[in-house]
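One chain, subunit A, links the two complexes that follow: it is found with subunit B in the first and with subunit C in the second.
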Partner chain A sequence: MSSLIPLVKNETIKIIKKKRFYVILLILLVLVPIFTYAQMRSAEHSREKFNGDWRLETQQQITDNENSLGSDRVPDEWKKFRKIIVQQLQYYLDHDVNPKEPNGVTFTREFMNNSVSLFIPLLIMAIASDIVSSERTTGTIKMLLTRPVKRWKVLLSKLITLIMFTSLIVLSTFVITYAISGLVFGYKGFDIPVFTGFQISGSDVDMSAVHAVPQWEYILMQSGLIWFVSLTVAILAFMVSVLVRSTAASIVVMMAALIAGSILTNMAAAWNSAKYLFMVNLQLTDYLSGTPAPIEGMNLTFSLIVLSIWAIAAIIVSFAVFTKRDILN
Partner chain B sequence: MRITEQSERKDNVVLSVEHVKKKIGRKWIIQDVTFDVQEGEIFGFLGPNGAGKTTTIRMLVDLIKPTSGVIKVCGFNVNRDQEKALQYIGSIVENPEVYTYLTGWENLEHFARMQPGVDRNRIQEVVDTVRMQQRIHDKVSTYSLGMRQRLGIAQALLGRPKLLILDEPTNGLDPKGIKEMREFIRRLADEGLAVFVSSHLLSEIQLLCDRVAIISRGKVLAVGKVNELVQQNAKYVVWNVAPWEKGRAVLEKQSDVEIVNHPELVLDDSIIAGMGEHALVTRMNEDRIGSLVTQLVHLGIEVSGVHNINPTLEQLFLKMTEGEIIE
Partner chain C sequence: MNSSNWIWRSVSIISAAATLLLIAGFVYAIQDVNYPQRAQGAGDLAESVKPPKGTSNDAIQDKKELKVAALGDSLAKGTGDSTGSGFVRRSVQEYSKDTGKKVTLLNNLGINGLTTTALLPKLEEQGTQYVLAKADVILLSIGGNDLFRGADLFTSVKNTSPNESSSSAVKKDSEVSKTSTQAKVQEIKPEDILKALPQASLKLQKILVKLREINPNAVIIYVGLYNPFGDLEQLKIPGNEAVTTWNNAALSLINKNGNMMLVPTFDLFQQNLNKYLSSDHFHPNGDGYQQIAERIVQSIR
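Up next, the complex of A and B:
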């Protein structure tokens, strides 16, 4: 009977009036300067050490990594990882490109890359974990579901609103990081070249497909992947929010899953089937930069498929449960 | 001829509940509930806590699906044709839960967007109806319980419903608020609205309702006019006499007066607390009070008080279930 747009409007008003989104912006406005400052100190430090010569610094990094390869105490996994890093750094050196050129854009790229598996999901959960469970905690769900609107429409309006806000969070993270770090490192750097297309096979890097893209193009690709990961996390948190009555429980469940993911990433190389878990597939941006995947057999397509399947399953479960469940509390 | 008569009758039935049952886990929470609510009447739903009142109400508004049975509102099945049936219902299930971080007006706008044909003017109209013009633009978190209750009713009235469902509407209100609420509900019914009110207090239902269904342990025990149901039961009369022993002896001798030895089992605590230490509780016809007083005074026994007391809900149940224990 009633269309979806007024329902989406309702949900949007509720999120804004609850000041959830402002809290997220506030967190960004507090944390990004801290990271920017840390980055600034480390840049100063290496400038002192290498007199501002990035070639010297990169060479030193290569030497450090190569030295550790000879040591018996370093596990094989790490050796493999470091071999790959060495090859990549060498590639940058050979092509006379500074992989860490200090500017606002590079900082933003690095920051987004590091935030994709934990920080951005955390911001998303501030909205996603609350969007259904809070209606149950406060009892307003009774008012919502006794209106002449089908239940699936109510849930769909919430999902659409969540997708809008998830996109907005990714965008705000980018804009705020760029705006703040630019103050310190300068706003230039969109057109410096970045290498992508490293194909990792075993402990070797296949350089045949490597090509330079301007940094803005790289960031665009990276943002697309981050957006995809964010949507998956948002939808999973949404499902938990449908299943669990309290917002706190819903956040804890999602946090546990994400943290388990980051722990598994560091130790699961031997457990091959862990690659089907959604939480070890969140570092999609690593495929762009050529960082080796945590488990053999993972590549960009594989991770995209795994995440899609998890997201679709979560949507099916959410709608099936929400439309059938008796509201007893 | 009979057919037209029946269909005319059906036209006035706003809510019809037929053999509704609900099983949760292995337990039958609702065993068999059947009743009709007509246009313009206030229908009471009376039962102790845990009898299944709220579960039944939740089924009426499609928050819970019945295991079997049919619930129809204005002819539409609530559990199948939700969009059609629910537009005729305004409801408050348990407490009036509204968004505390929004203002009263924003809350009404929110619910207005969820139903067709509710515009600004209609919102203003219901605000006037519940007399909330003064505070409607304040945040709900600053409202008192009574105001939230009124906002809840405003919300329920938004869609011009034919049936208003109120779950324990006087809960938590002060005596003045309770009186206002009763008058308000009566006014709505006079305008043709069918009002369904649940309560666990017999007195509340007596004061407010035209007809009542009495529910206990998931079963409807009786449906009928409130006064008829109450009058089927004997009344209690409390005597304050001095000297107590002598008075008791006189009353005991009467063949049509029964002394209740354990009044705490049949009367409300509040009544027992108010009737003093040396009171005699009897079960008798109230017509006999006059002649008994004369008799007592003749024998030199001072009568300082005689009170009629309505049976409690528990008493009504005892009678109806013929001694089956109420939990």
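Up next, the complex of A and C:
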């Protein structure tokens, strides 16, 4: 243990000094204003159309969804999805709560919801894909391993550092999104009630367990789930980084997997066993908001188990390969 | 080495704190999703703010600004109009052009295939009531599906949802269904259309009473029915008869209230079916909707 902390410290300083973390912050600082602007424009648009009356807008959304239910051109899965949306929106209207109250906190919540399966994993990969393979590209791995430290300790120190930075990335995404969107939409909104606990069975929503939580509690839960997703992605990218020699290749492998996941979630309803793939299970926040899962039979526990198994397997593979492999070349 | 120490200390402390916070959130989320605390708070919120009932009692002509809400079936929605406007948007445009007033469409709550039976529960919904209570003018189109669906001759055409059909391939589709409708029409006994009438007009009465209850002051404009089968030998006379009976029933309900009116469309379409009907042979086309819209505007000018 005593030899581990200096190693973690060393890795941390390397990441900071190599400016990896700054790059991530920079990406956030550039992209979040763009999303904020887009959201602002669409808010302006709906204010024009509905005079800023969210009840009218929500009611129109319900009517539009109901209209599409009658069309035979709409696939059945979408109809199911829309029926659920209609029931949820109706619930918000019945309780006189604006589902999209425009403020910085709501924007942050929506933004995090949308970025959990692709954007945040991408940021994580900027560090995770590079953490082992870069040492091999530059050859510094040999110097690292000639020290009188066991190999598994070297790898473990890297993994711990990665977990630390995963938490930092999730946190800074929240902070930066809130800080920037707050400039436009205002910093209030932590106390607004958000409904959670919609139990979906088939195309019906069981409302008996629905309860309101203040938005800050919702965001806390949401960030916890996002953290778990990020951790899984980080560990998988870590494994790829151990297995593949070049950083570029390891990024490409992970990107391919993530993009495949986002395509699959849109069309995999017919392929039931796709639910065992990790990339289909990344939208953990959907269970909180009550969005139906992409494949029948998925729930929070199921997704957590699938992600955990993938992560544990990845850790085992990483350590097995790293401690046994010949690093001479 | 000093800066390294500083980096290490701050990064490790912040990340440890962040990790703990996120783990707490994670555990909380699992608990909340898997074992939700039943209905805490949701009940307290239920006492919703009722929208200010009704608008001022002035006559429509005196108002500077007019809010319009539309309600009902595919005609209210504007199905068949290739521009998507329907008579609702068209009459809003016409009226503001005509009078120079600011006319806003609050919501168009028209839903394809809606019958009087399906409309009634919608009027109980908070969202619908909110919209209706804010309106100065309520446009209502309902009954067509009761009448012609009751005879069950319209299902085949309805399914092709003509508002989405723009490509030529799709057009062919509706061509086919049109002929199949005509084939179906042969087997329909005209009396069947009349059978649905008494039930439906009872429901219409309930709808009108409910609308009045929701908004005591708005002008309610009911759009009368036309006979889309006027050019089919077998259905011309009985169809006309059924539609007229319905319109008369509706009119006698509407006449009991001062602030409601029926805008007739029967005569508009009688000789102009080819001109004013869209390719599905049931819904009006853009021109047809324009004619209806002009009638509506005339009635409240």
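The rule we apply is simple: the second predicted complex is superposed on the first by the 326 of 329 C-alpha atoms of A that agree within 3 Å, B and C clash if a C-alpha of one lies under 4 Å from a C-alpha of the other, contacts with A are read in each partner's own complex, and residues count from 1 in each chain.
Keep this in mind: a contact is a pair of C-beta atoms (placed from the backbone, for glycine too) under 8 Å apart; a residue touches a chain by one contact, two chains touch by 3 or more.
Predicted model only: the values in this text are computed from it and were never measured.
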Fit or clash - subunit C, subunit B, common subunit A: fit
After the two structures are overlaid on chain A, angle v-u-w for subunit B, subunit A, subunit C in degrees (C-alpha centres, nearest 10): 150
Touching partner for A:96 - first (subunit B), second (subunit C), both, neither: second
Touching partner for A:72 - first (subunit B), second (subunit C), both, neither: second
Partner chain in contact with A:227 - subunit B first, subunit C second, else both or neither: second
Touching partner for A:13 - first (subunit B), second (subunit C), both, neither: both
Partner chain in contact with A:288 - subunit B first, subunit C second, else both or neither: second
Subunit B versus subunit C as contact partner of A:31, first or second or both or neither: neither
Which of subunit B and subunit C A:326 touches, first, second, both or neither: first
Partner chain in contact with A:142 - subunit B first, subunit C second, else both or neither: first
First (subunit B), second (subunit C), both or neither touched by A:171: second
Most subunit A residues touched (candidates subunit B, subunit C): C
Subunit B versus subunit C - smallest C-alpha distance in the overlay, whole Å: 8
Footprint overlap on subunit A, comparing subunit B with subunit C: 9, 13, 17
Interfacial residue positions of subunit B with respect to subunit A in the complex: 24, 58, 61-65, 82-87, 89, 91, 93-95, 97-102, 106, 110-111, 113-116, 155, 159
Partner subunit C, residues of subunit A touching it in the complex: 8-9, 12-13, 16-17, 50-51, 53, 55-56, 58-60, 62-63, 66-67, 70-73, 90, 93-97, 163-165, 167-168, 170-171, 193, 195-197, 208-213, 217, 220-225, 227-228, 287-288, 300-301, 304
Touching residues (chain side subunit A, partner subunit B) in the complex: 1-2, 6-7, 9-10, 13-14, 17-19, 138-140, 142-151, 324, 326-328
Touch list for subunit C against partner subunit A, complex: 4, 7-8, 11-12, 14-16, 18-19, 21-30, 32-34, 36-42, 45-46, 48-49, 51, 77, 104, 106-113, 125-128, 130-131, 134, 158-161, 164
